[in-house]
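The following pair of complexes shares a single chain, chain A, combined with chain B in the former and chain C in the latter.
For the complex of A and B:
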């Protein structure tokens, strides 16, 4: 269990130490990337709890979703349409659904344990 | 899939998950640092604005103080003049000196001046398309100088151009179609007012071959008029520049 934690800490420190500056118009990309990453993470946890977890699906989904969200935002900026709102909406809905499913699974597990 | 699962599922899964968490951590921390930078900038904006406001208040304070002090100066000068007047009454010998001091004060614009006088207004000549050079029919500072010098020689007590009173260190500068008098810009037409004996002043500018003739031959519209009352305020510190 220590390896993912180590990765997380390493990532956070890298992110905090980076002195790179992003132009203001591209900052929406970053928020979408954050949302996509969180969505995929919770999706992975849900899949794990439902015993349908698959490495490849998870990893490809993680990177593909981030790339797709960034691409949508890029297209939106160049077309003058707030396309990133679509990505935020989609990811937001999925995030809430995933968390709801996780919560239910946890609740059933907890009540089963209580019965026993 | 099955093979890999049998061989080393935990380590492989762990590695992928650590990769994912590394990327996630990087994105999260990076966006956090960016947003905190933004708030820092906003904070500095606010403090800069406050600083500006502070300086502005200081400036206003200083200006008020200056005004108070100038008023004090005026009062003190009045006192000094009163003393001098009382000297005149007691001693005849200082009378001339006091008169001279009065004249000098008028010259440097220390005290207000009012009385009879004349006004000379200089206007650009009518536009003449056959003359290519516009310099030939607009008023230059040299023309203004001529009038002022003539007025001073004829004993004018105080002179102003378009309401800007001249003092001993005044300067007049030509900047294209306008002239600058002590840092203030004035466009044509120029109205030069002079306090003094109107008869003398009027005669001196209208001498044959004198100022008016010279200016008229330079295509300038000159009008000279007498005035019963011309008032010029004392110059304050802001008027010097």
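For the complex of A and C:
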């Protein structure tokens, strides 16, 4: 349980300590990639809790979603359409849904444990 | 099985964390490249030094006022206040000015005289430009054709005539008197005006600027119209 949290803290401290920055023009790509990553992550947690977790789906989904989101943003920039908004909307909605499902599962588990 | 899941999550979370941190770095302190060259930096530095010395002199003046107030408490507070009123009146131009400065004569250009062109008055735009230029060179008091310029002096076109303080300005030739804080300042102003391109703008309007030598003593008359104040009200005597 603590291992993933440790990974997160390690990643954040690594990023902060290296003081790495992306150029301003690539900022939107990174933000959308972060959103895609968070979406996949919560999707993975939900799948794990629902016992439908698949390693391949999770890992491939993570990288594929990031790449797709960045590609969409890239295409949008070159076509002059804010396509990244579509990605933000899709990922945002899914993120909320996933979190809602996780919350419900947690609540059910908690109440079951209380009954016992 | 469970262990591999945790490891996967850990790796993914590590990447997510790293991405979040990079994004945070980028948003919080965007890297802006300093593209100024040494001259631009020097110029900025000299500007800042100038501001610094200006502020210092202002602080000195305010210190003097405080000191004066402090001294006057034992003597007469009214005297100190009166002194301040005189100072303020001097600052905005309600009293005559006598001191160092220079005189500019605006006259028709030689070409217009030779060709017999009618002398036209100075346009408000041109006069405003000249006054802005003079103020840029730190003039203390300005008088255009006998009309004292104060903070609220209007310069505008009324029925085809350029007016200052709602009084028409004569056609060229007429005088512009500029008061400066010191004789050195007047000298500096003379050089700056000589070097400035404002003369060319006058030339387009068939006018010529004749900038006089700096003088130790020039006289500028006071602003002779009532000053309207929209925000401050006079307290009736006896109240405080």
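The rule we apply is simple: the second predicted complex is superposed on the first by the 99 of 116 C-alpha atoms of A that agree within 3 Å, B and C clash if a C-alpha of one lies under 4 Å from a C-alpha of the other, contacts with A are read in each partner's own complex, and residues count from 1 in each chain.
Assume a contact is a pair of C-beta atoms (placed from the backbone, for glycine too) under 8 Å apart; a residue touches a chain by one contact, two chains touch by 3 or more.
Only a predicted model underlies this, so the values are computations on that prediction, with no experimental measurement involved.
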First, second, both or neither for A:33, with chain B first and chain C second: both
Touched partner set for A:7, first chain B, second chain C, both or neither: both
Chain B versus chain C as contact partner of A:50, first or second or both or neither: neither
Contacts of A:108 with chain B and chain C, given as first, second, both or neither: neither
Touched partner set for A:60, first chain B, second chain C, both or neither: neither
Residues on chain A lying within both footprints (that of chain B and that of chain C): 3-16, 20, 22, 27, 30-31, 33-34, 37-38, 40-41, 44, 55, 58-59, 62
Chain A contact footprint on chain B (complex, rising order): 12-34
Parts of chain C lying in touch with chain A, wherever the complex brings them together: 4-27, 29-31
Partner chain B, residues of chain A touching it in the complex: 3-16, 18, 20, 22, 27, 30-31, 33-34, 37-38, 40-41, 44, 55, 58-59, 62-63, 66
Chain A to chain C touching residues, read off their complex: 1, 3-16, 19-22, 24, 27, 30-31, 33-34, 37-38, 40-41, 44-45, 48, 53, 55, 58-59, 62
